[in-house]
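The chains carry the letters A, B, C and D, assigned in the order they are written, with residues numbered from 1 in each.
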Amino acid sequence: MAVEAKPLETAVPLPHAEEDPREHLMFDPRPREVMNRMVMEAMTTTSRRYWAWVIGLALVVLVCLLGAWGNMILTGMGLAGIRRPVFWGLFIVTFVFWIGISHAGTFVSAILRVFKAEFRRPFTRAAELMTTFALAAGALYPLIHLGRVWVFYWLIPYPNARWLWPNFRSPLVWDFLAITTYLLSSTIYLYLPLVPDLAMARDRTTGWRHALYRLLALGWRGTEAEWHRLRRAITIFAFAIIPVMFSVHTIVSWDFAVGVVAGWHSTIFGPYFIIGAILSGVAAVVSILFVLRSTMLHMDYFIRKEHFDALGKLLLVFSMAWAYFFFNDYLLTWYGGEEAARRILTLHATGPAAWVWYLMLICNVVIPWLTLWNRTIRRTPWAMFIITLLINVGMYAERYTIIPLTLGHQRMPFDWGVYTPRPTEISIVIGTFALFLLLYLLASRLIPLVPVWEVQEGQMAHTLRKVGKAEVPSVTELE
Amino acid sequence: MSEKISRRDFLKLTAMGAATTAVMTGCGPMSRYVVRRPYTQMPEYNQTGESTYYASTCRECPAGCGIIVRTREGRALTIEGNPNHPVNRGRLCARGLTAQQGLYNPDRIRAPRFQGRSNPATPGRDLTWDEAVQVVATALQKPPQRIAFLLGLAPDHLYDLVSELTQALGAPPPLRYNALAALEGRTTLIEAVRRLFGSPALPYFDLAQAEVTLAFGADFLQSWLSPVTYTRAYGAMRQGNPRRRGELIVFEPRQSLTAGNADRWVPIVPGSEAHVVLALGQRVAELRGLPVPEAFRAVRPEEAAQVSGLPLEQLETLAQTFATATRPLALVGGSALTQPNGLVTAQAVLALNALVGNLGQPGGVFLSAAAATPTPLAEVKALVERMQAGEVDVLFIHGVNPLFEVPAALGFEAALARVPLVINFAAFPDETALKSDYLFPDHSPLESFGYQRSLAGSDRPAWSALQPVVVPLYDTRATVDVLLAAAQASGQALLPYRDEVDFIQQKILPLINAGGFYTAPEILTFWSRWLQHGGWWTPAAGLPTPTLERLPASFGTLTPPTPPAEGAFYLLTYANHLGDGSGANRPWLQELPDAMTTVTWNSWVEIHPRTAEELGLKDDDVVRITTPYGSVEASVYRYPAIRPDTLAIPFGQGHTALGRWAEGRGCNPAQVLPAGHNAAGDLAFIGTTATLTPTGRRRPLARVESKEGVYGEH
Amino acid sequence: MAEERPAKWGLVVDLDRCTGCNACIVACALENNVPFVGEDEVAYGRALYWIRTQRYWEGEYPEVTPTFQPVMCQQCGNAPCEPVCPVYASVHSEEEQINLAVYNRCVGTRYCANNCPYFARVFNWFDYELPEPMRSYLNPDVTVRRRGVMEKCTFCVQRIVRGRQKARAEGRELRDGEVQPACVQACPAEALVFGDLSDPESRVSQLARSQRRYHLLEALGTLPRVTYLKGVGNHGG
Amino acid sequence: MGANVVHLALFKETEIDHAAEAIARLRELGVSDHDISVISGIPYSERILGRPMTWTTIGRIGLAGAVVGFLVAIFLSFGTPLLYPIRVAAMPFQPIPTSIVVIFELTMLGLLISTFIGVFVETISPSFGPRGYHPKISDGHIGILFSSPAQVEESIHATLQALGAEIVHNVEEERLWP
């Protein structure tokens, strides 16, 4: 039999793999004063729409958060839909959600900084701001959900007349310590790299803004010693805040995992929660970046498709990691877990609230996996916005599944109970979302949202070198 | 401060004017005429911060359990059982435990009042007790035959006094009605005892020592005769007998709490109990080698099997179990009696006990020491007819709420409107009170003297004493005192008693030498011990043994039950922890989950899940239950332990009055009960059929159980 | 004065005696000032029963039968609710060997309630006002809890303390059966027996050694102080 | 030696090589490293500018803070349970596993807060070297502050201007921080 060699088909010319490197911010430098001006303009320009949002959100915070919460304090926790046996509901769900979101800033600015991921530069601050405000919103919940919030200070270790200290064996005290540590350190971590930019703002403003920035800039001149201290401090923070970040969500997961509650008592909860937190946090960063890019002046210079692309890749990886942990938890409970925990799995998947469970899987796994492999989608900001919003919906559903849906079906079927969120707690949840947005909106006009010096530092380190016929991106190690 | 002082001091009883309230103590000085003293001179046994305990008697149902009320600073706190009391031995049921919610109920009637029957022409107004006594005195001067008294089953001392009063007046004797007694067929049981054993007493069953017990409709764990006594006995029957664990078999169309605790529940066709008992009796006699009495031959076993729906083999097994048992016992009550065949069933069951020779034996049947005096429904019906005919000029009502408790089909409401003068001594604004002319509120039981001597659960002769544990909260007055004062005011020497305490003392005088566990040389010392112990009883157990001279040749005519028509169901009602409904204003009784359904605060209709499925009904669907006598609406509870052809509605809810916690909840099955009665004159409602129509509405029941967890439904 | 040894209070629930009559619930509620919450709140699972009877069904009609199991705080020796409380409002008492709820220390995190496998803990979702004059019957020995506070069965610790003080004042040891929680005292079927488990001769100890004994969710290792005695017979308890 | 006057030589950010060269020239002209300080809008390492290494105590302050946090945590987790011993579940009063969590958090808290305090304290502490500022710094210019004796001023200026510097005289420092 003769072998008929098929002539090779003409190779299809591959699409040009790399677009113009100048599309990257790092290779599209602008003079520092130009960037300064852009950032300052973005910061000081407000539109009518902006103020409408600020006022609207402030009203929502006032009514939905403060009003509803105040009413609940005066009337009782019963205004929320929690009940026996579901003693934790939307408050704790949203708490975990916000703490999860808060992992974004640290992840972007500490981990990416430590690993020198250069694409982080323009949005580290945006992400850190998210961390701080998400923590602020989340840290309200331990207070909101207290039955007697007026004695919240009993949770704080301080010497009192009876020498009665908090119970350091309680995960809630660890929570308190961890969240305090994380809130303080992430706020400082937001502040430290901000100082040179505040000095920049100080030099370009008058009036109250000048006074404010002068105060906040701590007399920054940019001397060698100042830079040296700052970089040393940032390095310490970058390394130290990573374990703190891990500990925070681990401890949050321990709130559940240390218990005897079937479906909670799982050793994988720590990493599972952390991965979930990073997934939701990075997703939230993408959502925020989209909003910033499309609403603030000049932001399209700083926030580019490449950033969506890079974060999209990360999201895909985290979505896979999340699925891996989820499956781990599921399989081992299903296979060898005690009967109560197994029954909960069945109820999650087939019970009356199974849609929450499926929503979680669809948003956290199906949608990212179907879309994020695709470069075009990753580079389409609005698509990324929708996908990341859905990921956060999925993560919310995950917490909802883990908390009220698990608590409702414990070991004594006679006492099972179905939890329905009530207007008060929904209102408070909406209120904290509004609070987060409001704080972010205000901050976006008060502090330079782009770390100009970091961007400039990066741009100086990146050059296009001509190698043969190609221009090759090249990075110089300046430190 | 004056309120505090008055609460902890003893007050004078005699004067009818101002500052008259009565309190006595069990542990203090026995003198009952005490003056107000300031707080600083408190009796030494009453210290601030120290509890004082008073023995009294529970009046939440007619069983007469002994209670000990813990008081502090003049307030009644908790109610505990009297450990020495022969009825309950320190134990209490849910109803008794909530008595203080009656005492401190914010909806109590606080002063005598002319009500005017809500007629705008005669506006209501508050009265003084002087005026009230005058009203009663005038009423007592009406022609005696036109005076009627309708009383509840408690307290007995009031009944005794009214009996004497009506006798002295020449008026008809007082009637005593109580829904609890009506629902359990108490008068039928008494009549059966009278027919077989000669005296109209309630039987006492020694359940604790019985080894095989057949219970026909007797829900002794929740409502029958003396639930605390029998629940205690049940516990002993299960685990207190060193020889063996007692066995319990219950015959009921709907599983009551008792049937739920039974080893076997026989869902018998309503109305076929008599057939089954007679058939069992035949086999038991044969198995025991005795001649089968004539009366038991009325039914062939095959007929019984056919009528009751029990397979013959099961009847045979039951007969063998019973006949071969060492200590067999048969109980009867409730749904087995409140039916046309009720009297036959009652006699047959008593005769069955006689057949196995347990009369007067351990684990057998005894007779209560005191005569029981409930009035059969037939007599209430007669009263209603007289009222309707305008033959009653004045009706006195105490301790009963006929507009709620009596089947509406009897027409009590319309008849009441035709009575020109209705005087009600109710403590609460219940349905009847709102339709009465005058409200002369009696004290709450915890503020009252009195006694119960008809104690169905006592294993020995006993009288149970009531005494006030707190100073009356409001301007109420003991009805006995009102009647005595009115009798005096009417100018005739009707009754030889100065006041309530004097009356009670004279009544208990014979007990001094009656062989009780204490005695005293004179009445005052005896009185103080009477109060201290919460009554009087003999040191050793012992009740009259019923003697069966000769069985009648027939227990009466037997009508087989007619199966319900297509689309209709047997309807029955039963008493749960709310009893006769007078407890519906105790919030904790409302909050208490029903033992079988765990439903709180409302009524429901129990439907077998299969039937519900056929009808397309889901839990919490509101349905309308219609009988020829009326209709009610309630939410569906799919109850797995009821015959598929039967519906059941608990009694006690559906108040249109009685205060904030009772009003407007659920439905009152008395609205749909027939007015018919059995041969003993007792309410006969088993066999009533009803139709069921969905209303299309839903009203979720407040159940404690998780439907999802218990029934696997989402 | 007699040397006092710490007691280890325990309860035995004989399910063969228990009829499910629920008298214990009311006795408990009125002894411990447990508020009633009304229909809507009960329907939403917010009743404040410190003890409740779990009623399940067994079998199919006509062999269907309910099983009753009164469940109260099991006073675990190794209580899951205790270590999770951040403010020591749920602590183990050395003197009674029970699990105490310190109402005035509670801040209302409700963590303990989630972590109680027996759902023995209930929460004051609101202030439950009693209309006058109903407050008169409140037991002065027991704190009235305000909104936002967790509460639960305490084995009527106020009665234990009162009994112990009385015995101490009289210079003797507590007698077996002298102290009874309200539920035990009321139980008409005498299904509940209370006493000192550290005294091998006490009635509760003897019953707790019964062959019918079991503990609720024993596998969790909570070491409950409440022992259940299985119902026997055709259908069990 | 007359009073030293502080001058500022500004270089554009693209002229970093010139700036480094200028520092070398200044040194040659007898201006010691103590009399020079460089201010810039982005960080340049000492090696780039050929400057002696600066030093900071932040690391040590941070470490001290960590130790304080550690000790506080030891007190809280092992000390306070003894002040008011309360038994919970079957746990020992001072369980080590739970203490590790507390120790970790408080150590980190101590480290991070004190690092910040270190930055703050060092910032407001008096520093050596010529002081002065120009807003152009935050536009990315590199400024070389130097103080020189009046006699060499002319030659320095000439040298620097040759390198493309813009010389600003009398850079009196506005009070930058209260």
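Note that a contact is a pair of C-beta atoms (placed from the backbone, for glycine too) under 8 Å apart; a residue touches a chain by one contact, two chains touch by 3 or more.
Computed from a predicted structure; not experimentally measured.
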**Length of the shortest touching-chain route, chain C through to chain D** = 1
**Item:** Geometric centre: closest chain by C-alpha means
**Value:** C
**More contacts between chains, A-B or A-D** = A-D
**Message:** Can you tell me which chain lies farthest from chain B, using the average of the Cα atoms as each chain's centre?
**Reply:** D
**Message:** Need the CA-centroid distance for the pair chain B / chain C, whole Å please.
**Reply:** 31
**Length of the line joining the C-alpha centres of chain B and chain D, rounded to whole Å** = 90
**Complete:** For the pair chain A and chain B, the C-alpha centroid-to-centroid distance in angstrom is 67
**Junction residues of chain C, two or more chains touched** = 47, 52, 54-56, 80, 83, 85, 88
**Message:** Show the residues in chain B shared as contacts by 2 or more other chains, in ascending order.
**Reply:** 705, 710
**Message:** At least two partner chains per residue is the criterion; list those residues in chain D.
**Reply:** 86, 88, 91
**Asked** What is the complete set of touching chain pairs?
**Response** A-B, A-C, A-D, B-C, C-D
**Complete:** Seen from chain D, its contact residues with chain A in the complex are 13, 37-46, 48-49, 51, 54-56, 58-59, 62, 76-77, 80-81, 83-84, 86, 88, 91, 95, 98-99, 101-102, 104-106, 108-109, 111-113, 115-116, 118-120, 122-124, 127, 129, 131, 133, 135, 137-140, 143, 176-178
**Request:** Sort out for me which residues of chain B touch chain A in the complex.
**Result:** 705-706, 708-710, 714
**Fill in**
Given the complex, residues on chain A that touch chain D span 31-33, 36, 157, 162-165, 167-169, 173-174, 177-178, 180-181, 184-185, 188-189, 191-192, 196, 199-200, 202-204, 214-215, 217-233, 236-237, 240-241, 243-244, 247, 251, 453, 456-457, 460, 478-479
**Complete:** Per the touch rule above, chain C residues touching chain B in the complex are 14, 16-17, 19-23, 25-27, 29-31, 36-40, 42-43, 47, 49, 52-57, 60-62, 64-66, 68, 131-140, 182, 185-191, 232-235
**Request:** Show which residues of chain B lie in contact with chain C when the two form their complex.
**Result:** 72, 75-81, 88, 90-94, 97-98, 100-101, 103-106, 221-222, 227-228, 231-232, 234-236, 238-239, 245, 247, 255, 257-258, 260-267, 473, 577, 587-593, 595-596, 598, 600-602, 608, 610, 640-641, 644, 665, 700-705, 710-711
